[in-house]
Amino acid sequence: MSGFTMVEALNRALADELEDDPQVLVFGQDIAALGGVFRVTAGLTERFGDRVFDTPLAESGIVGTAVGMAMYGYRPVVEMQFDAFSYPAFDQIVSHVAKMRNRSRGLISLPLVIRIPYGGGIGSVEHHSESPETYYAHTAGLTVVTPGSPADAYSLLRSSIRSDDPIVFLEPKRRYWQKQEGTLPVTTPDIGTAVVRRPGSTATLICYGPTVDLCLETAQAGTEEGWDLEVVDLRSLNPLDIGTLVASVEKTGRAIVVHEAGSFLGMGAEIAGQLSERAFYSLRAPVLRVTGFDVPYPAARLESFFLPGVDRILDAVARSLAY
Amino acid sequence: MSGFTMVEALNRALADELEDDPQVLVFGQDIAALGGVFRVTAGLTERFGDRVFDTPLAESGIVGTAVGMAMYGYRPVVEMQFDAFSYPAFDQIVSHVAKMRNRSRGLISLPLVIRIPYGGGIGSVEHHSESPETYYAHTAGLTVVTPGSPADAYSLLRSSIRSDDPIVFLEPKRRYWQKQEGTLPVTTPDIGTAVVRRPGSTATLICYGPTVDLCLETAQAGTEEGWDLEVVDLRSLNPLDIGTLVASVEKTGRAIVVHEAGSFLGMGAEIAGQLSERAFYSLRAPVLRVTGFDVPYPAARLESFFLPGVDRILDAVARSLAY
Amino acid sequence: MPDDSTVTDPAQMIRCLPDPAAPDAPLSPHSLSDDQLLDLYRRMVEIRRLDALAMSLQRQGQLGVWASCLGQEAAQVASAHALAPQDWVFPSYRETAVGVVRGIPFVDLLSQYKGIWLGDYDPHKYRFAMNSIPIATHALHATGLAMAARRAGDDLVAVAYMGDGATSEGDAHEAMNFAAVYGAPVVFFIQNNQWAISVPLHRQTASPTLAARAGALGFRGIRVDGNDAAAVHTVTADALAHARGGSGPVLIEAVTYRIESHTTADDQARYRTEAEVAPWRERDPISRLDRYLSGGGLLTDDVRDGAHQHADSLAAATRDEILARSPGDPTEMFDHVYADERALLEEQRQMLVAEQRAFEESWEDS
Amino acid sequence: MPDDSTVTDPAQMIRCLPDPAAPDAPLSPHSLSDDQLLDLYRRMVEIRRLDALAMSLQRQGQLGVWASCLGQEAAQVASAHALAPQDWVFPSYRETAVGVVRGIPFVDLLSQYKGIWLGDYDPHKYRFAMNSIPIATHALHATGLAMAARRAGDDLVAVAYMGDGATSEGDAHEAMNFAAVYGAPVVFFIQNNQWAISVPLHRQTASPTLAARAGALGFRGIRVDGNDAAAVHTVTADALAHARGGSGPVLIEAVTYRIESHTTADDQARYRTEAEVAPWRERDPISRLDRYLSGGGLLTDDVRDGAHQHADSLAAATRDEILARSPGDPTEMFDHVYADERALLEEQRQMLVAEQRAFEESWEDS
């Protein structure tokens, strides 16, 4: 096929892993016959039978049983139907998924992937547009990955399933139908590597998941101001590829972090903290943050005012340049 | 009495609020007859009868029923027995406690307090020494308060119970038995105000809860190096009294944040992010962080290596001064 | 008062109105007056019309999504009808019929789905809590409010509406257990519509009934034909009396069926056949009551036409109202987060205000 | 095979050995050989001795805390004894007797309470999972592992040990429901020791039994006298056969009593009287088996003395081992967090290494 969407990429990644490794299992709510509410798992149960199955409506149950299956050698890939619905599983994720390897002195590893469609921008009802990355990225023992493009969605999901560490895989749902040229399979840099999506010299836009395309768009718009903005896609939030960020800031001297999650203790805080320490003499302006506001995600008709947009980011660039 | 411990202060605060306001209820696991595993609620059920009662062993149940009671006009004060045991209630806290007022356009307020003994240093078993502040402080709609002294424990708990906003009240369990001179009742600055515990000029140590005494001790030790360290106790993590921090840094030019939680997306990240933006020209060194390591809390005999200590903080001061 | 055999034996189910699908099923007497029966009929007709309006509004892009209660009108209307004004309802997202019976203007229920606000009615005024999307979580709020009311000595019952899928969540268990332990006046009204989106009941539980949950936790459970308005009303009235009387909670399993897809965002063709749905259309709760009332000569063509005319005009009015409704000032998103003012939020509000001003100016310039 | 009346009627409880407290209670036959009975006896004596050692080590400050299983030896030893080597155990924090029967050196179980590491045995070797402190959470791991084993076609049962209080947690419900829905070979072994720290059973549930939970979820539940080693063994063997045979999960409610305080950090005097505890001392599981075996002439003074001597020498050896055990290099705390290396953790490790070096040097200097 020429060109593929993120949903197609994720579906193909699951299919290819199910094909290559008999230990891979895929389960969650409505992921079998229905193929998932976003069709990410469409056709998989038809092809792989009961290795792809529906569960009762209980997220702690889904993650908790996945822990037991992983202990037995399977590689479960579970789906939380929406971001906020990963919260009932929070205790299992933080108290067991994140800690089992350490608790057992390395004797038990949990090769499981928790897929979570996240973020807003699709005009959804409450609890369907959350950005929970801080909760998971702050938790020692978890690895948090989020693709910003269909190619990364494919390659990072495959790497995640093959990882012996438990991985929280955050899927930017509003980019699900975004198409990209090329054909699958593709291989992109591995987990833990940030990528410069657009080289530039004026300032660095740091983004991930849903804000990658937004920042590329902003960089484009910035050219009209005569700005040459660099765009760095984090791809994995924990581990954070701080080296790539430092290198970029040593070049541009300015950084703006863009995400949908609130600013208070959002990824922008950690990045600002690390950059101000590791690139102290290079920063000509403080690391600025363009994020969702620190309020609960608003109703659909207000989300465009809540979400970071091109103008808000350009304003931040201007503020940064004013230093 | 002359002198009181933090446990006594908390117990008295609960008693005084139960006395003053018939709508106040206190419940949780083992808080009635036993008086709580830390005796914070000792004697309350004898004095206030069934307004202080035990619940079945279910944290989501405790917080979820508290939501219903608060809707009906009561002011529930619930206890999560230990930090990690607040995680089963995470969904109720994040999806309902934090959002009810906003969802109802201000028509429903939830005047409830969730008390959580937190932090390490008492040689406990796994899951009994967590520092969950980031999870709650990052959540829009929650207010997160943590006392660093017995007097604040009393005054801040009373203010929290009287607040119409839901409050996560984090109690530094290793300071429970710490004594302070004076008599109860006392009134200290309200929620949202940070306090300079020790004025100084060399650098600012920013701390809260369990690390307040540690930083005061460090400041004392620092005098031997000829350092005059300022110590600021945050007291409330969200809202964060950034004004007091900026004022301090404008004076000292240097800041070190000290907490037990891991550094990655810990409070130190947010403080570094905000200070580097709001005190950009005052900072003569990057905001440094002395925190618990980004690993699961270790076994009892290793915790002293994990926890921030005087020497580790002094090393950070030296690093800061080297800029 | 139904005996407990109705709890564990799936064959056992309280029925009051003849069921074409089960002609020889024993029928229990109901306690409704003719007026009450006609009232139920009118309400069900009204709801069905309003639900159809919502479906079409969604198709026209006026609503983001809609969860239809088609086929569940008897379960919702009759149970809501049995409530006292002081009782509190804790709904999920599908209980629009209950909301309407509680007196909430339908437009205020639609508002949320148009994306105006996260909820758009006064929960205290109607004693109808903000509807709850996180499955089963609100059952605990119902239990807590019931515990509070009992403590205050107030005569009220809290009714938690849940689906069959919701019974799998830990919160459902904790809510029922707390209610039982504290003898709280809660009625757990479970609309067992056989499906949780695409997951059928038998993948949700290995038990033949959901009502059995109650007995295992030490309180009363009962099964009722959810498409039988008279039976639902009778059983709910019994349950409310039981809870009101201080005898503790009751679980009602109302056996019904979700005729539409889960929501307008769902496509049932992917997981079930029309052949499965068909028999349930036969059991339509409105036709069932219609037959019964017509048979008794109670429901004349005039009454029937009147009901439909009333529903049509209400729908027309509601349509105009929802089309006219628009979101307020976006900065309202900062108004209700906390009771007091927060500096960080004020900064963000000012940023949004400035953006708005700049935007307007750029408009005026052009 | 016990009939289901044992599930809901609290009076009904499987007993095999005469109970002084219930002289006319009907006794069921047990399936144990003389050797097996003597084996159970020896193990129970051994465990009681080791538990006493742990208590004294804690008093001496060698252990941070200890959760005694005094009085629950029959429930733990006899159930563990019925397991096959390939079966998996998912313990809470109190199942030390089960761990010992699985072959884990007691010193390795003590290690965690000395604060050496969070767990200190090979879970795969003994098929004894890392013990789980967050109440009821591990029940889901047992269900998941059982689902996995069934999928793999392996002959194995997963046994989740929980307390009475644990049944109130949502995870307990979800674990039982998943097991029932998937017909997973899990045995939920609930030691109903009447207390959850200071909270008595009647504040934990309004149901007369915990076994009834199973029926409501569509699987078998059974109640057994938890202080009757023969009955516990028989019932557990039945349950394992049932699960192994593909008939799905079983819940066993073993009715017993926690004689000690919850842990050494607890003080039972604050919430219960010796008068409540006394009758349960009468029902001591070891004396009960002792009487039965002595009566049958099976348990001679020699055998009894031998059991105690063996226990004493094992305790003495264990004491030396645990005193000798010390934590390793503190930088190990960075070794097992992730399978791969993480830059941030390496930086932190280097910081700790540097601190250690500086510390040692400062020592050498002085």
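Labels for the chains are A, B, C and D, by order of writing; each one numbers its residues from 1.
Criterion: a contact is a pair of C-beta atoms (placed from the backbone, for glycine too) under 8 Å apart; a residue touches a chain by one contact, two chains touch by 3 or more.
Only a predicted model underlies this, so the values are computations on that prediction, with no experimental measurement involved.
Peer 1: On the document's contact criterion, could you list the chains that touch subunit A and likewise touch subunit C?
Peer 2: Shared contacts of subunit A and subunit C: B, D.
Peer 1: Centre-to-centre on C-alpha atoms, which chain is most distant from subunit D?
Peer 2: Checked the centroid distances; the maximum from subunit D is C.
Peer 1: Could you give the separation in Å between the centres of subunit C and subunit D, each centre being the mean of its C-alpha atoms?
Peer 2: 44
Peer 1: Using CA atom averages as chain centres, what separation in Å is found between subunit B and subunit C?
Peer 2: Computed from C-alpha means, the inter-chain centre distance equals 41 Å.
Peer 1: So what's the Cα centroid distance for subunit B and subunit D, whole Å?
Peer 2: Measuring from centre to centre gives 35 Å for this pair.
Peer 1: Give me the residues of subunit B that touch two or more other chains.
Peer 2: 56, 58, 60-61, 84, 87-88, 91, 95, 99, 102-103, 126-127, 140-141, 240, 264, 294-296
Peer 1: Of all residues in subunit D, which are in touch with two or more distinct other chains?
Peer 2: Subunit D, residues with two or more chain partners: 117-118, 134, 168-171, 174, 177, 181, 203-205, 337, 344.
Peer 1: For the complex, which residues does subunit A have touching subunit D?
Peer 2: Residue positions touching the partner: 25, 50, 55-56, 58, 60-61, 63-74, 91-92, 95-96, 99-109, 140-141, 143, 163-165, 239-240, 242-243.
Peer 1: Within their complex, state which residues of subunit A touch subunit B.
Peer 2: Checking each residue of subunit A against subunit B gives 84, 87-88, 90-91, 94-95, 98-99, 102-103, 126-127, 134-135, 137-138, 140-141, 238, 240, 262, 264-270, 272-273, 276-277, 280, 283, 285-289, 293-296, 323.
Peer 1: Within their complex, state which residues of subunit B touch subunit D.
Peer 2: Touch list, subunit B to subunit D: 29-30, 32-35, 37, 54, 56-58, 60-61, 84-85, 87-88, 123-128, 263-264, 293-296, 298-302, 305-306, 311-312, 315.
Peer 1: Enumerate the contact residues on subunit D facing subunit A in the complex.
Peer 2: Going through subunit D, the ones touching subunit A are 117-120, 122-124, 129-130, 132, 134, 137, 139-149, 151-152, 158, 170-171, 174-175, 177-178, 181, 335-340, 342-344.
Peer 1: List the residues on subunit D that touch subunit C in their complex, please.
Peer 2: Counting only subunit D, the residues touching subunit C are 8, 168-174, 177, 180-181, 183, 203-208, 212-213, 215-219, 248.
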